[in-house]
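In the two complexes below, subunit A is the common chain; its partner is subunit B in one and subunit C in the other.
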Partner chain A sequence: MVDTNQKEFRKRDLLYVVPLWLLSLILPDPHLDHLRKESRFRRRDLFYLGGLLLLPLMWPDTHLHHLMVLAGINAILALGLSLFLGYAGQISLGHAAFFGIGVYTTAILTTRYGFPTFVAFWASALVSAALAYLIGKPILKLKGYFLALATLGFGEIFLVIVRESHSLTGGVIGIFGIPWFSLAGFSFDTYLKQYYLTWGVLIGLLLFSKNLIRSKIGRAFLAVATSEDAASTVGIKVAQIKLGAFVIGAAFAGFAGSLFACVMSTANPETFGLNLSVLIIMMVILGGMGNLYGPIAGAIFLTWLVDILGKYQEYSLPIYGLILILLLISFPDGIGTRLNIRLIYLISYFGRKKRREKAEL
Partner chain B sequence: MSFLSVEEIIKNYDGVRALNQVSLHVRKGIIKGLIGPNGAGKTTLFHLISGMERPASGKIYFKGTDITSMEPYEISLLGVGRTFQTLQIWGNMTVVENIMAGMHTRLKEGFLSCGLWLPWVKRTEKEALKEAKEILEFLGLLGRWKWLASQLSFGQQKILEMGRALAMKPELILLDEPAAGLTATEVRRLAERICQIRKEGVTILVVEHHMGLVMEIADEIAVLNNGELIAEGTPDVVRRNPQVIEAYLKGARVDA
Partner chain C sequence: MTPWAYIPQLFSAGITIGAIYALVGLGFVTIARASQIINFAQGEFVMLGAMITFFLLKGGGLPYPLAALVAVILVVIIGFLLHITVLYPLRKASIPILLMATLGASIFISNTTALVFGTLPRTLPAFLGNQPLQIGGIFIVPQSLFVLGATFLLLISLYLLSHRTLLGKAMEASSTDPLGADLLGISRNLMVFLAFGVSAGMGAIAGIFITPIFYTSYHAGTLIGLKGFVAAVLGGWGKNSGAILGGFVLGVVESLSIAFIPSGYKDAVAFVILLLILYFRPKGILGSPFIDSRRW
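Coming up: the complex of A and B.
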């Protein structure tokens, strides 16, 4: 169903082709993802899955493994937000707060009360989701800028609470000595093991999101994003759908936070300020809104970019900003989306032409 | 009590009285046309019935239930579907998904069962897809079921919007200018389809500027002018009403 693509082919797109082709080997095709729901699992997915499994084995560099663990955690965050931002069309500047709730829930449960990490993992998601429910109920009546400001305020309030409640969270110093993630006696104590853990969780959540998107809930998300009036006239409870997207996003962030706590073994309020919220939004926007693979691609790319730029200390921020601006200018609808539209279009260009001629006869 | 009754509705917009003491009754199973010059308050009345706006005073009853202060989704759950004058199609979804989204309330799954894709979700989705295709076949859009809705032409989008309202199996459907922007042949087909929908037991309230269409399909017509109901009755009666000719048609003869 490539011809559902209305983007027109232009000559200068030929210039994109080579880098596009190279990049598209890494970047999945996000566009039209929800349109092709009949095929649940495509051959291309298998390709990505294989690449994912083999990558750390082919490239046995612990720094890369660690980076990919962080990228995976960021991808879970971005995936959760993309349901809320990319599909349901709402904005949240406080997504990092739910990540923080996940981190602290795991930290407190494992170090203070000696819960196993597996239990803390689920508890983190539950606590994040429950808080999102309580916060979202009043906040989600707001729209656009007001919603952005309200969620921003929530994120900041959460940060202050964490810093000031020393007895519970350890204040600015944080909590140390969170155990490795372990399951039935198997401890995920190397970066390689954590890599498989993180990306395994991500794949699970990706499948969950995929199912959600191709079901009636996904249609309701898209309906709410485009026209709330029309959505309400077919009986979609707009408030409930928005709240659902918010809570699911928060639960994902809770999972991510729990993994992060186990990987870094510390919980510190500095890790989930506004910076992280904005970074997650950038991942979603840069990767491509309204699809599920885009945010993952965005997360890998930005995690890697931030790591690379770390070497250039004082110049890192201007370069970072410049790269983002350039990317957004050349790929306004997301790297993943744009690349794949072009590529799919190119591949199918002649085939489509032939088919069209046949149809006209 | 009639099927839908609007009782002495008053609606103001910043001091402008859009509707003044309008009462309207629709019997079950008929096609009722609602006509009037631009700014007469027709769309406002639709907004009030579908719950998107609240009247300053007056009551609206649907099947004996007071729906005046209900939320739009509650009203649609009672069986009121509508289309919009300014298209409100979901361009980011495919044609068939637009129809399936219209079935939202008839599919009972929750967030969790959808996310886990439990067996019954799979089954109902399959059935919903099949039914959506039947609706598209009825509308003549089946050939484009996989297209993005934004890629359809304006006329097709209007028809799709009607299909979306039909997908929720409404008992009353409010059509806001369904023929606006359609070609003559499309209007003919639209008239046939509206009559066919009526045959299936759906009551239709239609706002339309296309006089030929309204006169042909409507069983009853109500005429609004400056927020007041100036005439009501069968097409023939309305056509001969001097007030209607004076106010709405500015002296021109009404041709059927």
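Coming up: the complex of A and C.
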């Protein structure tokens, strides 16, 4: 995957060397990956986990907590899509629709029928996954642009249905007063509690995905992404594998939607448009496809970026579009990947040499 | 009155909007014939053509034909710029990246338009007044006839361009076999560059002709662009005649649907048709030169 001439140091890299030097200390080392035992819990993971636990306590700022809750929800979405886009190599522009289905399932079950939120949480994922199965079965035989277009069409149809079926979804006004997430009498009613809830769910799903990628099914995802023809010759059922990735991604989106409904306590169709789908795909691309930590980093980065841009009101969307294009042009295979290849290679070359020698012993 | 009584009227309205889908679809096909790129910012060219004309007319005080001409030229320049700044640097990127880049460009163009020209919906004066003509039991705005005429002329000139000139042959060659075209000295990048200009110009013309009938605003481009793409897929992806046929079929079906289902669902009709056509006949009504060979 790594093109050799990308390793060369270029003068313009100096522009971002200094602020990113610290990052290089904690980012994964691409040259050690194949030597490491995959299942081992690494020091880096402990670092991330500790950082996550301490972050809201170190900055007791409610806006930051809320932002991190949203980032966590986006990260769940991006993680689900990364299984489909990054590992199975298929494009979906309708991922926001499954998020919307999760939000509306929770909203309707809790406000209309009085189900507990915990039940609605699982029901959202189930409904999303079931719909993904029904939708995916016919359209996943498409490829590339046509798959993107078909999923986009599904997203638009979903939006129109939500807007028009007033009796069920409240139309453009939406549904209000969704209760906080609660589990065994404990209600997640502050941003701080929601932060731990969201990131707890995210870590659970991350562990699930990590194990999934190492399983037979996960290896099949990678095979399908590399070459469908080659995968089918070794006995992988390509259609089933793609459908599986799609359904799992949708279930993740259902979980995220349910959390979102409980956090925002409203459901509104404007939230689940094409813009959200674009944002999720950008998170996966910028984080680096075929990497599970990447989408999470991408989600935090883009949520933060959208929040910062929100301050510039009418200028925010043009700047947002511009930044998306610039990021795509300068980091087409993800910010992390480029950092690994250029920066870490450059800066921690000697340190890593020692570590590599150690690992090889 | 039963819904059936409205059908002739809705049919004529569908033909008009179908002509616009056809023009937008042609824009997609022009770019796809020169490269494998699908430019999701195509709808923004339609919106830009109308918006720039409006402001040259109202703000600049230019006469109508001159304003329209200047607007088309400006949009063609924007199309060229889009290729140079976004798609040329990404010429070796994979499909998801290209898709995101054109969507990002679409977000940028539409929201910059809102910033520069304001968020109010705009309309242009009709070319020859708004007095509807009555033909049989149907009322037709004269502008509809202009739209049809423009579609017809553009189709003919595009046909001549792609089948009767060396440039068109070169575009076709670089699309069919990029490596072979390179070896013959055809610059693939130049072909894509020119295709962007042509499709931007067609989008702008479509925008100028349609806006006297339908209002335009900064966010109108996305939906028109998507429906134009649906039209191109419906008729047969990669064929000019397919885009035209698909545009008219889509316009008429969408328009007739108003008689039978609530009008709020109108925007979903195009996408339901899309899912059906992609499922049952992905190569479209007329068949596609691309789908089978490249396995898209």
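What we mean here is this: the second predicted complex is superposed on the first by the 308 of 361 C-alpha atoms of A that agree within 3 Å, B and C clash if a C-alpha of one lies under 4 Å from a C-alpha of the other, contacts with A are read in each partner's own complex, and residues count from 1 in each chain.
The definition used in the following text is that a residue touches a chain if its C-beta (ideal position, glycine included) is under 8 Å from a C-beta of that chain, and two chains touch if they have at least 3 such contacts.
These numbers come from a predicted model, not from an experiment.
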| item | value |
| --- | --- |
| Which of subunit B and subunit C A:L328 touches, first, second, both or neither | second |
| First, second, both or neither for A:F208, with subunit B first and subunit C second | first |
| Touched partner set for A:I248, first subunit B, second subunit C, both or neither | first |
| First (subunit B), second (subunit C), both or neither touched by A:I236 | first |
| Which superposed partner A:Y191 touches (first subunit B, second subunit C, both, neither) | neither |
| Partner chain(s) touched by A:A225 [first = subunit B, second = subunit C, both, neither] | first |
| Complex contacts: residues of subunit B adjacent to subunit A | 50-52, 71-73, 76-77, 81-82, 84, 88-94, 97, 100-105, 107, 109, 111, 114-117, 121, 125, 128, 146-148, 150-151, 164-165, 167-168 |
| For the subunit C and subunit A complex, residues of the former touching the latter | 38, 85-86, 89-90, 93-97, 99-101, 103-109, 111-112, 114-115, 222, 226, 229-230, 233, 262, 264-265, 267-268, 270-272, 274-275, 278-279, 282, 295-296 |
| Parts of subunit A lying in touch with subunit C, wherever the complex brings them together | 85, 91, 93, 138-139, 142-146, 148-150, 152-154, 156-157, 160-161, 163-164, 274-275, 278, 281-282, 285, 289, 314-315, 317-318, 320-322, 324-325, 328-329, 332 |
| Residues of subunit A touching subunit B in the complex | 1, 4, 6, 34-35, 208-209, 211-212, 214-220, 222-223, 225-227, 229-238, 244, 248, 290 |
